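Presented below is the structure to which this report refers.
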């Protein structure tokens, strides 16, 4: 294949690539074998370390943990989308008194570490006796942070629609509300989709911070399982299983995004070039925590 | 209100100093590792691309807390751990963040149309020349703004080390609770501290965005 | 390429899930396993729930009554004290004390709602009413008395060291800690003492959320000693007698109290009278022998410090 950096390989390059390929695979296999060997000599495959997973009560706890993770993530995702929509609308508003505070709030919540945001709700609840458990601290923390990032994604997505679209719509006599709702949003959505979904992946992963404020999510259960001395501290087995669950969930979400993206692209019947690569850059840009 | 800060000044100072050190050290290491992985992902060798893709897919879909926990308690079970909690935290932050930097580098390189390098090759430039004269300078522009976002996220992510025996800024609430100080005021001062660190980064990012938008 | 990777990951995930999803047998409660049977919780002590209890002038009690249930803060990773087994069942001396107080307050001890509160958040959780009371190796100190109040003490422990079985370098006790890596729970009294008395260098101190994380680090030779109250340490040593031991040179006196909201003297008096009764009618001894007493050491109820 030809890429930016390389020409389509000729026979010599092909040979070289094939040899490099084999070397890389050998090294990779070596590293994996070495890790497994280390796990083996330090007794990480001993039966008692893995035994907990057979017990139905443990499976129930893991399942409950997973359910708690999904509950917090689901609710926070809905609230964050709402928050993002409202604040994006305020940020593109023509009224300055709406735009300025919205911008400030969005920037503020993006700058505060999520853990600290959750602490605010956790300790605030205790201090003022609001009757909100750690669940709500997790949900509200996630909502404010991810909502702010989503507001930014929405705003940037709408701003990225070619200027001509807006001008033509205004020329036809549409009001601002109509321009955004009928012309800009439908076009922006599919370009924003990858960024939105990877933000939702971030949100899902960040529920794992809940264990620090004693929310009984998946990682909390895993830490409890791993911390059992009588099972020889099975941290490695539990973390492997937990990681597989998280990776599976997040991959499902990404898969869904890809499917939706493909569908919306087909439906639009290709109005020109596919969404600019800026959208892809934005995906990775806004992704972490 | 100010007494919360002034009475406990050494705690805040040491906490944020450690945060800054964690940020700078793991930032530099992530840039190095992330760029190497990014090079893997655009390499002509399929196995290298596979390694890069696998690394990114696994790390991007794993909570950072889990990476921390694995390095602290899991790796120790294989007798593979780093010398002390500080370096273990640096390791966890680096391993996690480099997956994101790798993606930034890859998509940065991919923004350049193949025509650019095809033209460069057509005029007889070597691989190295194509890379340094044509591709990287253009890719750099596309890379800087998202890179700044990743670094900002890294700075905030350092707070997770608080749960793992690293007394950085995120660990201040626990220490203040032991001292019987007001938690919300403590959090307010921590927030202000983070704003002081992050706002310059955000402005830097805005500035870079504007510059690249014009060009 | 990318897609194939994704499918592979998903496949592994699905496999792991199905592998997990077919379990059947519960971990059996090991009754006759000798001193190291901390794997699963056995039978809990049976208390007679008092009836018609009223604690006049206690806002906490009024709150409990209207909520219809008790919320108690505990620990979950301390064998024989406050432990949650693989079945999710709780047991240990602290749990029994919590249940005893519940029964004395006229509430069914089997209906307690437990909350695991990290050491660093205990005062905030009690003061804010997140829990009604806290029973979890909670030392009575003057500093804490400014934020919460204490009934008890119901047990006296001393700070000691847990080391790897073959490591004799710290047998002299706290004076031998210099240059050693010491671990304990974040925000706990023992680690504060290590810091205040400068028993080891600041860079050698590790603090984790739970003691079990320290024990894991100890076994993996990342730290040299876990320091906290001997009652807690004995539980761990009993769980892995061939790997761990307690040094046995306590260097403090820790009086465990039941943490209560600050201004609730009426409830404190009531809980103290429940503890008093348990000492005189043999209940205290019975629950001690069923839990901590299994490690072989004997004990008697300490005199209460009412205030």
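Labels A, B and C are assigned to the chains in the order they are written; within every chain, residues are numbered from 1.
Just so it is clear, a residue touches a chain if its C-beta (ideal position, glycine included) is under 8 Å from a C-beta of that chain, and two chains touch if they have at least 3 such contacts.
None of the values given here were measured: they were computed from a predicted structure.
K.L.:
Between chain pairs A-C and A-B, which one is joined by a greater number of C-beta pairs in contact?
P.N.:
Looking at A-C and A-B side by side, A-B shows more C-beta contacts.
K.L.:
Farthest chain from chain B, comparing Cα centres?
P.N.:
C
K.L.:
Between chain A and chain C, what distance separates the C-alpha centroids? Give it in angstrom.
P.N.:
Between these chains, centre-to-centre, one finds 36 Å.
K.L.:
Measure off the straight-line distance from the CA centroid of chain A to the CA centroid of chain B, and report it in whole Å.
P.N.:
So the centre of chain A lies 16 Å away from the centre of chain B.
K.L.:
In chain A, which residues are in touch with two or more of the other chains?
P.N.:
Residues 123, 126-127, 212, 223, 226, 233, 235, 247, 251, 254 of chain A each touch two or more of the other chains.
K.L.:
What are the residue numbers in chain C that touch two or more other chains?
P.N.:
Residues 6, 9, 121, 124, 209, 213, 216.
K.L.:
Which chain B residues reach two or more other chains?
P.N.:
46, 57-58, 73, 77, 79, 163, 173, 183
K.L.:
State the interface residues of chain C toward chain A in the complex, per the touch definition above.
P.N.:
Per the touch definition, chain C meets chain A at residues 6, 9-10, 12-14, 16-17, 19-21, 23-27, 38-39, 76-77, 79, 84, 86-88, 115-118, 121, 124-125, 127-130, 209-210, 212-213, 215-216, 219, 236, 239-240.
K.L.:
Provide the residue numbers of chain A that touch chain B in the complex, in ascending order.
P.N.:
Touching chain B from chain A are residues 2-7, 9, 13, 17, 20-22, 24-25, 28, 35, 38-39, 42, 44, 107-108, 111-116, 119-120, 123-124, 126-127, 201, 205-209, 211-212, 219, 223, 226, 233, 235-236, 239, 242-243, 246-247, 249-251, 254, 277-278, 280-289.
K.L.:
Would you pull the chain B residues touching chain C in the complex into a rising list?
P.N.:
On the chain B side, the touching residues are 46, 49-50, 53-54, 57-58, 72-73, 76-77, 79, 81, 84-85, 163-165, 167, 171, 173-175, 177-178, 180, 183.
K.L.:
Going by the contact rule set out above, which residues of chain C touch chain B in the complex?
P.N.:
On the chain C side, the touching residues are 1-2, 5-6, 9, 120-121, 123-124, 143, 146-147, 186-187, 192, 203, 206-209, 213, 216-217, 220, 222.
K.L.:
In their shared complex, at which residues does chain B touch chain A?
P.N.:
Per the stated touch rule, the residues are 42, 44-48, 51, 57-58, 60-66, 69-70, 73-74, 77-80, 97, 100, 103-104, 107-114, 116-118, 121, 127, 130-131, 135, 142, 145-146, 149-150, 152-154, 156-160, 162-163, 170, 173, 182-184, 187, 190-191, 194-195, 198-199, 202.
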